[in-house]
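See structure below.
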Amino acid sequence: MRLTIPEEEIMQPGHLACQGCGATLAMRYVLKGLGRKTILSIPACCCTVIDGPFPYSAYGVPIWHTAFETAASAAAGIKAGLEVLGDSETTVLAWAGDGGTFDIGIQALSGAAERGDEILYVCYDNEAYMNTGIQRSSATPLGAWTTTTPVGHPKDRPKKDMIAIMAAHRISYCATASVGYPEDLIKKVKKAKESKGTKFIHILAPCPTGWKARPDDTVKLARLAVETKVFPLYEVENGEVWRITKKSKGTPVIEYLKLQRRFKHLKEEDIKQMQNNVEEEYEKLLKKCENA
Amino acid sequence: MIEVRLHGRGGQGSVVASKMLASALLKEGKWAQSFPEFGVERRGQPVTAFLRIDTKPIGAHYKIYKPDHVVILDPTLLGQVNVTDGLKKEGWIIVNSERAPDEIDIKGDFKIATVDATGIAIKYGIGSKAAPIVNTAIIGALVKTTGCVGIKSVLQTIREESPSKPEENAMAAKEAYEKTRTT
Amino acid sequence: MPKAKKIVWKGVDDMPEMAVSLSSMRVNKTASWRNLKPVIDYDKCKPCGICWKFCPEPAILLKEDGSPVIDYDYCKGCGICAEECPRNAITMHREER
Amino acid sequence: MRKLMMGNHALSYGAKLSRVQVIAAYPITPQTQVVELLSEMCANGELDAKFVKVESEHSALAASIGASAAGTRAFTATSSQGLALMHEMIHWAVGARTPVVLGNINRAMAPPWSIWTEQNDSLSQRDTGIMQVYCESNQEVQDTVIQSYKVAEKVLLPCMLVLDAFYLSHTYEPVDIPEQKLVDKYLPKFNPPYKLDPDDVHAFGGLTDAKWYYELRYKIESAIERARGEWRKADDEFGEIFGRKYGLVEDYKCEDADIMLVTSGTITGTARVTVDMLRDEGKKIGILKIRVFRPFPTDEVRDILGGAKKVACIDRNISFGQSGVFFEEIKSALYNSSHRPQIWGYIAGLGGRDVTPDTIREIVKRTEESDKPQELIWIGLKK
Amino acid sequence: MRKLMMGNHALSYGAKLSRVQVIAAYPITPQTQVVELLSEMCANGELDAKFVKVESEHSALAASIGASAAGTRAFTATSSQGLALMHEMIHWAVGARTPVVLGNINRAMAPPWSIWTEQNDSLSQRDTGIMQVYCESNQEVQDTVIQSYKVAEKVLLPCMLVLDAFYLSHTYEPVDIPEQKLVDKYLPKFNPPYKLDPDDVHAFGGLTDAKWYYELRYKIESAIERARGEWRKADDEFGEIFGRKYGLVEDYKCEDADIMLVTSGTITGTARVTVDMLRDEGKKIGILKIRVFRPFPTDEVRDILGGAKKVACIDRNISFGQSGVFFEEIKSALYNSSHRPQIWGYIAGLGGRDVTPDTIREIVKRTEESDKPQELIWIGLKK
Amino acid sequence: MRLTIPEEEIMQPGHLACQGCGATLAMRYVLKGLGRKTILSIPACCCTVIDGPFPYSAYGVPIWHTAFETAASAAAGIKAGLEVLGDSETTVLAWAGDGGTFDIGIQALSGAAERGDEILYVCYDNEAYMNTGIQRSSATPLGAWTTTTPVGHPKDRPKKDMIAIMAAHRISYCATASVGYPEDLIKKVKKAKESKGTKFIHILAPCPTGWKARPDDTVKLARLAVETKVFPLYEVENGEVWRITKKSKGTPVIEYLKLQRRFKHLKEEDIKQMQNNVEEEYEKLLKKCENA
Amino acid sequence: MPKAKKIVWKGVDDMPEMAVSLSSMRVNKTASWRNLKPVIDYDKCKPCGICWKFCPEPAILLKEDGSPVIDYDYCKGCGICAEECPRNAITMHREER
Amino acid sequence: MIEVRLHGRGGQGSVVASKMLASALLKEGKWAQSFPEFGVERRGQPVTAFLRIDTKPIGAHYKIYKPDHVVILDPTLLGQVNVTDGLKKEGWIIVNSERAPDEIDIKGDFKIATVDATGIAIKYGIGSKAAPIVNTAIIGALVKTTGCVGIKSVLQTIREESPSKPEENAMAAKEAYEKTRTT
């Protein structure tokens, strides 16, 4: 048997993630991709808690727990320190949730990207503020229930297009990834590690608790999101060269939605609309990829 | 003042159980205070909830260390968590279990009651078969054993406050009330 | 692998000056979270490593020969391994007590 | 109507009863049920307000202030890190004289991360000029929201209402919900002297040099001093209409007390129970609960503590390099007073360390046994 | 070498002499010359440091803290709004025990917008645990940066060094620049007990519940109390090497004084001149200058003010709804002291209102003429 | 004589801008475009000071002076208030400099755009922090001197592409404008006023003080920036439809640079490089415009 | 047009409660900033409004007939009008004193 | 203690002038303190700068209300700004002007000096013709009239501290020193 992802486990069991947590899978894969010469900057998010309480830790690499809005700026500071000390080898990994990236942390990230700080920024996206109990973020998809977009008034704004925003910053490398495709994910992590300046990876990490899904469906959901074109896998170099890394099959969106009770209230026409949106967006993405 | 501690797992509704009991007490003109374990709750993780009952307003705000009674929503917790910690002498320990009270493997100076809340919840279709929600059923057992509140107000509360299937939940509580076995 | 010893302090003087971790979360046996238990039917298993790959704890180890072993100290019983196993070699069972 | 609710719901009901018009808030443990319930209320029409779902607490308060400047009643709520992130805008709300009401759930500051109760977050705002009121029950929380708007809009200053994480925020207690029409009678529409209005052009907050800045600060100080009287009045009137009142401070059995405890927040209720027990044991103990902390109730503190022999101040907070904040403030208030009791300073309950009747007993005991005040006694420290 | 420089340059030279390794700062009036000069120094190789040109003060401090955690000496500087925006991160630096040094130019808080001096920005941080030192000359500014690193790295706490806007920041004064090798002798390399290092894995600041959070706070308090002694030591040693020392406080002619003025910042120099004039006129006036404000120099304050009949505290700040902050703190410090002089509280110079010898004279006069202390006297208010 | 821009002066003279200030021209034009039913939200920037000290004001409409990072969030709050009060007519105008937009205010702006708050956001861009004395911002062009990018080490990062970032937010309308072309500018302001949700206009406003240029060259510079393709004029609808509104002549970049001492240190090859960059960027822009 | 009266207060009691503007900056005659003075040669001027359009103060008014008048109370002497006038009808002169 | 106030326009370098004077004083073992008007400086706007001179360290930090001398860098300011405000009796008022001191239209109990600093600056090519920078030249005149510091140390300072054209600036100061006309 040939393993398709690195065998060494950097992240340790005993952590505090819910049963079937996708974020944890993302962390496990990214650390496999980067290796032990990695320092984490983690703002408030589920992964803060998952790592475990003082004086214990699960991730197996040094962690700087930092304020919610400072994943990127703390990482930039750490990197500056390492540079002065002559360490050019260690990857400084800013690791934040969608809330910490799309919302409260976007300014620090944008600033780092503009300065070209040498950091890898990974956003694991579970599409809401999960650590605080499932409130909407700007990554929450249109139509989804959260506690602040209650049934009757589900989210009425589309998901922020974070990759487009980061591509507009013209950083050397950005990519999407999904915990349903660990090989693709780890390849991107390695590519990002080799790239200069600020790099950005956006990982879809299903959250059974927040999506009101079964814990055993996590990986399936992460795959379905890609297959249905809801969350295509692609990468962008220097803000210009767009490339699909995994073709989406075109599985109907309903297959993805029906496993999640956060979409339970959607009516047939809503789902139709969603299917249309997804197709349209995918077309646009393909167009961008033409120049690749 | 009566103090109760409930043991369950993240996602099983122990806090809701304690809150419904408090609501029922309010209906009877009593005073109650209900609170969760202060912390992070994860699906699957053992968690606790608390309830204080009194005939006058409750001003004190500190945790419960010596409960009068303990309720256990998930029998698999029994060997994993020290459920009898601080339990007062002669207090009730109410377990969701198919077994008879004397088959429960806990020793100490307290009274044991059991009820097959899981079975009852499944019977009334509360939650899924893989993850039945037993919090309303277990309330029935607590009412039966301790008498701290009347079953009527409990049933009424359940009907009013259940987020779904109010009638089924009430029936589950009632059945548990009736089927509770004590030592 | 970081040491996984339980840290026991009597009081403030034993502690480090700030909140730095000194041990691994391996001290925390998450077995207590599990209500469903995965069981591998080794007859069905033709080791492919997929269950190992997708366990979020991770609570599956691979033996020399590539066959998976579940570490029940940590398995939380999420069921992903059972769901993902291409040979349906893993089944979930209610924990008994 | 009496309803069982958690403190976060009481806060939300208070806002609803006050007919807030704009809400801008951001979720944080242990405040989340506030944003959740208010989202729900706005969504289902129960509350006719606009909820701006901002991307940070800094924006939450900036937007609330903007809404207030436009002439609407604005509300926000947060905790710990979120409150700290609002710090600049708290100064702003004060300088701009916008009577926003802010609910803060007391939670310990990171690092290390903690979600448990402690007052350092709110007390770190003591020099901003925002009014501060500490509540000890969910009933008080709900009622205080309504009172806060009454006073805040009178003196044109923001007000922060404070409740302990979990001990109130997540604890279900019975709360009497008053009738809306009585509340409407108590709390008139917000009608500021100036507001943003294209038909009445003003610039707000423009550059002000040494010529008049000083005088504008004096006006803030005058307003917050006026607020002392307004709190008394608002509380009295509240008492008349709703049958409940709280005072700027509460004197519990201080009259004949040998030792007076100074408390705030939920420690008060626990202390009250303990004092009852101690009195049964023949010990004359009283409690001064500080409810309104800004403006500081100097007169009341002097009045009540002036009669004490010994005072034991319990601080669930610490100003590092100094002492507990309540301890510091009451010493300062009593300094130029005619009667000056001895005052002991106790630190207790930081980061959610439970404060139980035993904790209170220990504090009483140590105060009894000591004859020279100590300034920084850590109660329950693991040694 | 003696050089004419503005306070902002003195701050920068202090950082340079301390061989700071990472700078992360954001411009704001009246601090801009600090970022400009340090940018220049980094660009031309005079200073071997990395300057992270962040997009906000919140990020400035976050990055500085990160750099400190990585084991490097980090520096930042700001003022007023910028400091307020850092508030959450100031708490962070304290809790994380990262000895970042922060220069703050005292400027009044908006709104209304002001760029002139006032201490409300820095004093609003008094409950965070960051050490605070108030300087009265550019020489002191430069020297204090070096001393700050010495102490901060000893006790693992951040330190804020404070200077008045314009009165120091933009005023050119002669400053003696010490030789680098003497500074290197005085200030060893930064070597924290734990740092971010993939070869020595630790998580920093993880979730800490009620079990140990309290003890960690106790450690912070212990550290800042230890800092009192460390400041004394660092100052003595500085005096030995460089021939200048400042004390935690400075006693100017207090020995036989009938009235002691309490001052901080540049008001001190003006008061000193005035006291000399008053002494010529036969009036026995002294000055207690507070230099180190956090940790609060309780012993020194008791020692010196304990001998006074009357004390007049001058606050270029106000804690609304309470009083001047220095006034409050010295009353608190003296409360449990054996000798308790009468203390008057004066508010002066907010928003850059000039404090002149005449202002000081008026304060002395009013204190002389009054026999009952007043708590909030606004000096120079336009009535 | 037919006036090409509205005659009514809303902004009043007596204000505190430097001689020949481009920002002031921008304000004058935008207010002409919007009319008196406008409320300004202004964070810290030159325009804070220009308006004049308390108790005076120059802009002629209500102004909410707000903290540096809050142009958009304060505006959102004001708008929410007006909505509740039933005023749908008044435009709430968030008016910020490049520093307040590209750097410290980008998070609040991004948040408002995601929520679709009904505000018009105008960034007047003088390419540095001018109010504090010419420090680099992320709008400062590559190669420019500022006090924090000193000669010898001028700015080494390209100007952030703010329109691309806002277009990635898919707001209904964004556009660039220049005070050298007031008619075009005012047309865009009116178009933005008619559009839904958050609108963004990016105005180049030369600053003689910060650019080290002659005050009488302000308008000329604003025109040259466009003519040389350094700052093309275009608009974007819904993040998709890109349209050039004024063709750039192709005047050599040097014509623009030589009037500004902030570029004095540039060598011939630097300028050549800059000319190339400008051409390249313009090509890319034209390509985006193909779909219009 | 907002009133442009000078605001004169004796002290704190005369002032509004917060920092609201009560008058226009027109009270501030920026003539004092000027060291170069624009002068229009009306013989050359064929009114086109361009000088008016580009004055940043604005300190140029248009008469009924469209011809420009410089308001020397406010003109700061930036020279833009002179630079932009297509007919070179405006020249800048050093202020004399 | 001698106190001096300088009047100029934003961008003309009055602060630099006062700072250079202070530097020169330092060279002579004197003490000096130099500071700008505290506020926003705009190109074109009238601004002021200040200088304190003493034989011992200067600890006081407050503004100067009663200067001993006043320096005016831009003659057009004369009618626009109250340049003699607080000026002490018998103090010098030094004006950049082509005119003779008695042609300067200021009345009061003080002495007037003039120097054509603009002409001198243009002659040495300091600044542009439209905007000559007169701050070094005017220093020469101050030194000449008040003698508060020696011309040698002033020239040396100018050579050291001028951001550009050090020699020309020094020569301008020297020429101004020589050509200053007094009443």
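Lettered A, B, C, D, E, F, G and H in written order, each chain numbered from 1.
As a working rule, contacts are C-beta pairs under 8 Å (C-beta built on N, C-alpha and C of every residue); 3 or more make two chains touch, one makes a residue touch a chain.
Since this is a predicted model, take the numbers as computed values, not measurements.
The fewest steps needed to get from subunit C to subunit H, moving only between touching chains, is 2.
Using mean Cα coordinates as chain centres, the one most removed from subunit A is H. Most remote chain with respect to subunit E, judged by CA-atom centres, is B. Remark: subunit C and subunit D have CA centroids separated by 46 Å (rounded to whole angstrom).
Between the Cα centres of subunit F and subunit G there is a gap of 24 Å. We define each chain's centre as the mean of its Cα atoms; on that basis subunit B and subunit C are separated by 30 Å.
The geometric centre of subunit B is 63 Å away from that of subunit F, both derived from CA atoms. Chain contacts: subunit D has residues 53, 55-56, 58, 81, 85, 88, 92, 95-96, 110-113, 115-116, 201-210, 212, 215-216, 218, 352, 354, 381-382 touching two or more partner chains. Along subunit H, residues 38-40, 42, 44-45 each make contact with two or more other chains. Of all residues in subunit F, those that touch two or more other chains are 16-17, 19, 48-49, 51-52, 54-57, 60, 63, 65, 67, 69, 103-104, 106-107, 110-111, 114-115, 138, 208, 215.
By the touch criterion given at the top, residues 10-11, 40, 42-45 of subunit H touch subunit F in their complex. Of all residues in subunit E, only 111-112, 381-383 touch subunit G in the complex they form. Residues 9-13, 18-19 of subunit C touch subunit D in their complex. Residues 9, 42, 44-46, 74-81, 130 of subunit B are the ones touching subunit C in the complex. Listed in rising order, the residues of subunit E touching subunit H in the complex are 2, 4, 115-116, 136-137, 164-168, 170-174, 266-270, 272-273, 352, 354-357.
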